[in-house]
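Handing you a structure now.
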Amino acid sequence: MLKKIKRISKMHRIFIAQDLKKLMEYKVDFLTGMFGFMVYQTINLLFLWIIFSGIPALHGWSYDEIIFIYGFSLLPKAIDHLFFDNLWSVGYWLVAKGDFDKYLTKPLNPFFTVLVEKFCVDAAGEFIVGIALIAVTIGKVSIQWSVMNVLLFILILPCATLIYTGIKTITASIAFWTKRSGHITHAFYLMNDFAKYPTSIYNDVIRNVITYIIPFAFTAFYPASYFLTGENPLFNLGGTVIAAAVLMTIGMLIWNKGVKSYESAGS
Amino acid sequence: MIYVENIRKEFKKTIKQPGLLGSVKSLFNPKTEKVVAVDDISFHVPKGEILGFIGPNGAGKSTVIKMLTGILTPSAGLCTINGKNPQKNRKSYVKEIGVVFGQRTQLWWDLPLCETYAVLKEIYEVEDSAYKRKMDLLNEVLDLQDFIKSPVRTLSLGQRMRADIAASLLHSPKVLFLDEPTIGLDVVVKDNIRRAIAKINEEEQTTVILTTHDLSDIELLSKRIVMIDKGKNVFDGTVDELKKNYGQMRELHFELAGDSSLESLAYKEKFGFSDDDINIKREGVKATVRFNSDIVPVGDMLSYTLSGVHISDISVKDADIEEIIRRLYKKEVSADA
Amino acid sequence: MRRFLRIYLPFSKAGMQEMMAYRFNFIFHLIGEMLSCFVMYFVWLAVFESSDSSTFMGFSMVDMTVYLFISFMASFLTYSDGAINIGEEIRDGSIVMRMIKPVNFDMYLLFHELGSRFVSIFIVLVPMSVGVELYKFFVTGSVMFSLPNFALFSVSIIIAYLVSFYFNVCYGFLAFFLKNLWGSSVLKDAIISFLSGAKIPLAFMPPALAAVLTVLPFASLSYTPVMLYMGIYDAPQIIWSLSLQLFWLVFFWGLSKLIWRLAMKRLCVQGG
């Protein structure tokens, strides 16, 4: 087991080094993109700022708290983007063009091989903005930074990340039956937009969907609200852990079933 | 070594219904039809043999190869390779095989070739010393050193194919599957690749299954061929047997000079060819005569033609594999009838 | 004219067929993109609930909803990426495949994209404007659909699409100089979503800034058609904003022709 992890991490390092090299080659492009991303986020913040110029609080949440939740929402998104971006390729072309063949002729778990192959440095933009927003608001919101809470904060991030990864795995696996499913992943993935705001602003239907069915609310609002209020750790944090476990389990089941019914393309 | 018993593969194909209504219908109640890609194929390959696996486009060759390599699951039948079932013990099975699909690279597009091999070394758990020895050997037979530092996307087709073959051999597989390894390559590279395959086969007793459209690949490498068409096994035997049984077709190409006419040659009457054994085509001054060289030797045909008409240019070619297969298939049908 | 259409209409037909073949992908894509409108809708709903007044900077909740969805629709309909590869094609020389055919490169790309736009009229424009009108009816209890406004909107959105198309042709040429367009595309889309008022109504910005932004070409892309749909402008403003749109169309059309000519010269020098 340990040996296997060592092997995979050695492979992973080679791919990471490669993606970093590519980054150096396209420095200007990367920096422009990063800048563009920050402009985009600044516009969103400007939007929030304009809103709060007219009202004191949004459903009881202050401007700083909303920004904190917003910043928090970017972190799991960035981590998933950084490490697990290659799942998009499965739904968009790997299966449709029959390129998935190559994973089946290797003595490794195809799922790991797909994930390890790409290290998406573009995610840095989300990560930097997320960290910056949390850093800026951290002094203005009432968070008890006990050792326990710091530990919980660090532990909850991977779980929140796996909610993204699980949803991507499930929707990407559909491609094994339909050839292409990238657009389905796209539609589900964009639901993460709902996670950036307090769930109380939505109607019952949407609130239930983003809590129990496509639980993006657990990637940001629920865990962030625990840190902001200290309330309901069992639901706010426990829910995140359970959602991650359930989604990844379903994802792996569907993936494995999908790989079995994979019908390679071409003659 | 390789036992294939009555394997069969069926695909379900959705029938597209026209129009918006049709596509909504097919979303809820898709109409499918069954397509049989491989129909009851059996063969057996002993250790160390190079088997030529041939057939026309769409015959089901790739589907068979994909079932043997564990990518596809057969609808029926059984294949056992190295005593393993490719589908059941996939991970341990694929450790012992190497696969090259000529149409599609297995290498990582952006990675320099040497890095690709480093990743593969980890994937297949190749020991450092064995890896080094293997790289030296592959370098020698496939001339990799000129482009080993270049990213795969910058390689030419010939370089890429050599790189792909080397990648499939790194872990010293017991069985090597080559699906059209010489497609689109020039003569020099083809030759290089054939020699490499022959050498690896000789030194390591690697069993090779080779599909190709280039008959000379088969003639230079393998003694035995399995030929399939429309998913069915149509021939299993040695190359010599094939030639003996189905005749060797040759093509005579020439340009007529002056006012010579082809009719004056009357090959059929002269040599007594049957309709199946000769075919004459003419376009302007260019003429193509396809004939069975088992009935009349090439030399006799040449001298007879040269003496009969004025000719400005002449050449002799082997008929391609498609032609043999077509003839073979035709005989099958007439034998059945 | 008939000859012109005989040459270019088949391209539109091909574009339409591609779009039809990928209609499910397109619909899923549309749904995904539309989710952010719903998020915004609920954010605004919460803002109006949290606020004492029933208007926000002159917009009522109904206005805001109409603005959100119509401006999303406008940005979606005027989005153009048919010419995104043009610079790339010049650089790697594959542009010669276009030049050996007796067709205008921009007309070919335009008509090809128009085919897919035509399909999106049925998938996007009709359902969304019906949806918005139904919403207005249920919330206010009266029919407020105005045919003249819709007609003005239609004219404006066609010009907006053409501005967007020629703007993106000019942008596509950038790839001739840049190695990769990923980064600048992110930047471009971010800037456009801000400057065109698609994200925040220009009326919400400080007056001086808003005045500048309305004159810039980006307002022509989505803000102008939306304002016309909502019937906010009076007659002189309507004439002024439509002329401004036309001005930017001519500007980018001319610019794209100029760059094309320069690029061709360079191609000859390089020997392609």
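When the chains are written out, they are named A, B and C in that same order, and each has its own residue count from 1.
The definition used in the following text is that a residue touches a chain if its C-beta (ideal position, glycine included) is under 8 Å from a C-beta of that chain, and two chains touch if they have at least 3 such contacts.
Quick caveat: nothing in here was measured; it's all calculated off a predicted structure.
A.B. asks: Would you say A-C or A-B is joined by more C-beta pairs in contact?
C.D. replies: When the contacts at A-B and A-C are counted, A-C has more.
A.B. asks: Could you tell me which chain's Cα centre is nearest to the average position of every protein Cα atom shown?
C.D. replies: A
A.B. asks: So what's the Cα centroid distance for chain B and chain C, whole Å?
C.D. replies: 51
A.B. asks: Based only on mean CA positions, could you tell me how far chain A sits from chain B in angstrom?
C.D. replies: Averaging C-alpha atoms per chain gives centres 45 Å apart.
A.B. asks: Averaged over CA atoms, how far is the centre of chain A from the centre of chain C? Could you give it in whole Å?
C.D. replies: 30
A.B. asks: Out of chain A, which residues touch more than one other chain, so two or more?
C.D. replies: none
A.B. asks: Can you name the residues of chain C that touch chain A in the complex?
C.D. replies: For chain C paired with chain A, touching residues are 24-26, 28-29, 31-33, 35-36, 38-39, 42-43, 45-47, 49-51, 56-57, 178-191, 193-194, 199-200, 204.
A.B. asks: Provide the residue numbers of chain A that touch chain B in the complex, in ascending order.
C.D. replies: Per the touch definition, chain A meets chain B at residues 7-8, 10-11, 14-15, 18, 22, 98-99, 101-102, 104-109, 113, 117, 260, 262-264, 266-267.
A.B. asks: List the residues on chain A that touch chain C in their complex, please.
C.D. replies: It comes out as residues 25-26, 28-37, 39-40, 43-44, 46-47, 50-51, 54-59, 122, 180, 182-184, 186-191, 193-194, 196-197, 200-203, 206.
A.B. asks: In the complex formed with chain A, which residues of chain B make contact?
C.D. replies: Of all residues in chain B, those touching chain A are 11, 57-58, 61-63, 66, 69-73, 90-92, 94-95, 97, 99, 101, 103-104, 106, 108, 110-111, 115, 118-119, 122-125.
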